[in-house]
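By letter and in written order, the chains are A, B, C and D; residue numbering begins at 1 in each of them.
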Amino acid sequence: MVVDIIRPFFLGFYHAFKRTFTVKHPFVRLKPTDRYRGRVVLNIDRCISCRSCVNVCPNKALEMVKFEKKLIPQYDAGRCCLCNLCVEICPAIALSMSYEVEFSEYTRKGLIHTPDRFSQPPKPIAEKTVTVKILDKKRGVAHK
Amino acid sequence: MSVEEKVIESVKTRFPEDIIEAKVKRKNRVSISVRSNRIYDIGLFLRDELGFNHITSVSGVDYIDMNELEVIYTIWSIDKKILASLRTKIPRDNPTLKSLINVWEGVLYHERETWEMFGIKFEGHPDLSSLLLPEEWDGPPPLRKDFLLPETPQEKLEEKIKRAGGW
Amino acid sequence: MSVMKLSMGPQHPITGHFRFILDVDGDLVLKLEPDIGYTHRGIEKLAEKRTYLQNLPVIERVNSYCDSAGTMLGYLEAIEELMGLEVPERAKYLRVIAAELNRIASHLYAACLFSVATGLETMLMWPINDRELVLDLLEKLTGQRITYTYQTIGGVRFDMPEGFKEEALKRLDYLEKRTEDYYKMLLWNHTFHMRTKKVGILKPSDAIKLGVVGPNLRASGVKVDVRKDEPYEVYDKFDFSIPTGKNGDSYDRLEVRFKEVEQSINILRQALKDIPKGPIKKWAPPIVPKGEAYTRVEAARGEFGYYIVADGTMKPYRLKMSPPSFRNLIALPHLCKNVPLGDIPVIYISLDLIPMDVDR
Amino acid sequence: MIPILSFSEFIELILKVLIFPGLAFPLLFAMIVIWFERKFLARIMLRIGPLHVGPLNRTGLFQPIADFLKLIQKEIIVPDNAYKFLYNIAPIMASIVASMSVAFIPYAPKPDGGYWMIYYTPLSLLVILAIFTARPFIMVGAGWASNSKYCTIGALRAALQLLAYEVPITLSLASIVIMSGTFDLAKIVETQSSIWFIILQPIGFIVILIAMMAELSRRPFDIPLAEQEVVFGWPTEYTGTQFALVMVSEYFDLCAVTSLITVLFLGGWSGPVIPLLNDISPILSGVFWFFLKMAILTVIIIMGRGIYPRLRIDQLLDTGWTLLIPLAIIQIIITLLTAQWWLPLVRGA
């Protein structure tokens, strides 16, 4: 019983000198994996206006609008659940998922990406990125 | 004879009149359709003599074309490893059913939810009050087929196409 | 002596999106009445308006932040049973890998919530940190951290990435070693014993009568696990045991979860070793033939039941979900009769209820 | 008759009241301890802790000041049903009472005789005990005046806990008094110059450490403030400056308690003379040792929050009445039995 009371004390003290796990977010960012599904990006030139992405979207995040004499989907980032269904169904391979996750806006209207914004490539990731790694048994897990 | 068929056989011999249909659906699955007025007795029989003791779910289905509501009690037998669906149909206009709260205590919230979502009155249930919906809810039971969402996706889609300048 | 009505939640540090109406006499809680529905989204109704494929992202949000991979399996099982679709072997293995990884993540989350309920914040952070390892693995496999939409009708969407197997095995080894620290800090901590042993004892007979499922039922000593009782996917090919508790108290409910993590690691090792080569997806028609099916899967919180009535169209006629937390909820008022106020958070968290799962 | 102070005496008094044991010291102690607690607990949990505010790069040293500035800008909300006078005065009383006991603790000897303390009285131990007894009444008053259910439960818990743990504290102080033969804290330190009381009375030390943690409502004994059960206990309704005062008063209490235990068990200022500090002022050397001992005690008390789950109220009272009080009585008996061998060593000095 006494051992059980005292042991956490030393264990806690030992952990106080381990490497911290937190990512100092604005300065350092987590590196998304290769397969990461972030904002959907449209390639306007390849789009054949078939509307299958609009039909398959479970949350009505896509909607057809007129753009340069063509019907092009418009993207509502506030409704998108990043489920990848539209990318899978697209027969012309015009849609793709990017690694971009930070697309919050101040207004709800700002979340609606019109076709020209929808087709912009994602912003580059910050220079300093880290991934989670197992260092060794003593130092445990950390971002590096 | 498999265990599932034995279950069917014993129910049929005990209640020959009240079973509408009883069949083995697949391995571990048994479906028993009964008349609504004898569901309590059949439930007791299932629990006490066939060992169906672990309540899994109570669900309702609204068959609006036949003007009927179906209530399905799904019970698992821990020893026999069989899932029995005890089902009964009740008229849609006057949906009342004897509550099985005294048979399986676990149906307390399941029946309350079914009452709330389908408007089926379970006689003898201690507390039929609002569970998931807001307290001030006064619309029809929402999972019935005649409860329409304010705007179905199809209508919305057509409206969107119209706004986009036609297809 | 007067009885005081105390409203606990939904704005309260421990209850989440629940509200409990307590009858308190001094420091003794005479009765607890749960008030649920704060996160009700009407997923059963939403599912009737969407096609079977569109339902995938909606349904996994029933249990979103913990166990979406394990939850969705049951829905797919039901559809594939109705269609008579045989999923490729490799896809089955990948589904199991995703579900078991998710179970580990979910149980680690349960452990950290448990230590919050007893007031030990250190064990909130340690399992959360190590859960990150599992979530990172899942991100490598599925492309998302929490809501994966990984399994689909007829298989899975992505194959295993390169180097996944080695990385996964390395992390599982680490997790297994790391569990020792959890035992030292939390489970063998004498103060924790004082708080959780003999608190909220659920007798096996009561547990069966009330329809409690999952680790809570197993902690009471009843050996029920869908993975063994009616093996789905490829669970019949793995060699694993079902941990059970002795007393059915809060402590046992946590210990069973820790032991289940060990068993999940065991399953994952076998799955990663035995995984065959082959296709990962089979084409499935959008229309499901007429019929009905009831399938059950063992999600992290217990047995998850899906009842689907198909009417031969692209959309389900009726989708009934029987989530584990909703079925465990009935144990809460049963256990919280005449207990001290300080035990309410412990009993509540030990049942591992999550509001979204209860409300759907 | 008002004694006439010389200029140097006047300066010394000002220094004492405003800077060292007086006003600035508990505030600075609170600031450093709050920062240290957050940082240290964060490191145990493998987090970073406060990061951005402060002079040194990424240490967050000024985080407590930033928090305090934020809190004093906030609106003070008084509940409609509250008993306003008591509600408003309780946080002020709490901080005053908490910082009062520092005045009676000797921190260092002066080279010309006398001690570095604000007010010298031969019965200082009794005075401090009396001040501690006043704390539960402020908590009960505040909890009752808030007129809220969680506050009431928290206040009742606080009353139960604090009153129950007065007893083991008083009992273990009894064995100190038996050993040293005086109520004067300065004399108690003097008697420890050859051997500290922690070596002579280890059981008494453990009892008083645990009891004081309970008295301070530190985890694992923070039952009156248990946020998972009663939101924040008796101060739930306080906002803004009042909340800041309540929080700061807890750390004033911590300051007083660690000082008291240092004086009683760890030999106060006694320790080898450090030449560098001694050259500046002979007081500083004693103060250095005093601070070191306080720091060790503070770390031990803070660690409790990172490693133990909270107890339940009945288990806490059980521990108090059935474990700590018998232990304290055993310590008294041991002290009485062994006094004949130890007394010449202690009193002879």
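One rule holds for everything that comes next: contacts are C-beta pairs under 8 Å (C-beta built on N, C-alpha and C of every residue); 3 or more make two chains touch, one makes a residue touch a chain.
What you see is a predicted model, and the numbers here were worked out from it, not measured in a lab.
Student: Which neighbours do subunit A and subunit B have in common?
Tutor: Chains in contact with subunit A as well as subunit B: C.
Student: Which one of the chains is farthest from subunit A, going by Cα centres?
Tutor: That would be chain D.
Student: Could you quickly compare A-D and C-D and let me know which has more C-beta contacts?
Tutor: Contact tally favours C-D.
Student: Please tell me the distance, in whole Å, between the geometric centres of subunit A and subunit D computed from their C-alpha atoms.
Tutor: The separation of the two C-alpha centroids amounts to 49 Å.
Student: When the C-alpha atoms of subunit B and subunit D are each averaged to a single point, how far apart are the two points in Å?
Tutor: Roughly 63 Å, centre to centre.
Student: Where the centres are mean C-alpha positions, what is the separation of subunit C from subunit D, in Å?
Tutor: The separation of the two C-alpha centroids amounts to 45 Å.
Student: Would you mind pulling out the distance in Å between where the CA atoms of subunit A average out and where those of subunit C do?
Tutor: About 25 Å, centre to centre.
Student: Going through subunit D residue by residue, note those that touch at least 2 other chains and give them in order.
Tutor: Where subunit D meets two or more other chains at a single residue, that happens at 44-47, 306-308.
Student: Could you tell me which residues belong to subunit C and also touch two or more other chains?
Tutor: Answer for subunit C, listing residues that touch two or more other chains: 50, 122, 125, 129, 185, 189, 191.
Student: Listing for subunit A: what residues touch at least two other chains?
Tutor: Counting only residues that touch two or more other chains, subunit A contributes 8, 11-12, 15, 21, 140.
Student: State the interface residues of subunit A toward subunit D in the complex, per the touch definition above.
Tutor: Interface residues on subunit A, with respect to subunit D: 8-9, 11-13, 15-22, 24, 140.
Student: Residues of subunit C touching subunit A in their complex?
Tutor: These residues of subunit C touch subunit A: 50, 53-58, 61, 122, 125, 129-130, 132-133, 136, 139-144, 147, 149, 157-158, 161, 170-171, 174, 177-178, 181, 184-185, 188-191, 193.
Student: Touching subunit C in the complex: which residues of subunit D?
Tutor: Going by the criterion above, the answer is residues 41, 44-47, 149-150, 153, 156-157, 219-220, 222-223, 226-231, 305-315.
Student: Spell out the residues on subunit A that touch subunit C in their complex, using ranges where they run on.
Tutor: 1, 4-5, 7-8, 11-12, 15, 21, 32-37, 56-59, 81-85, 88, 97, 131-132, 134, 137, 140-141
Student: Which positions of subunit D touch subunit A when the two form their complex?
Tutor: Within the complex, subunit D touches subunit A at residues 40, 42-48, 51, 303, 306-308.
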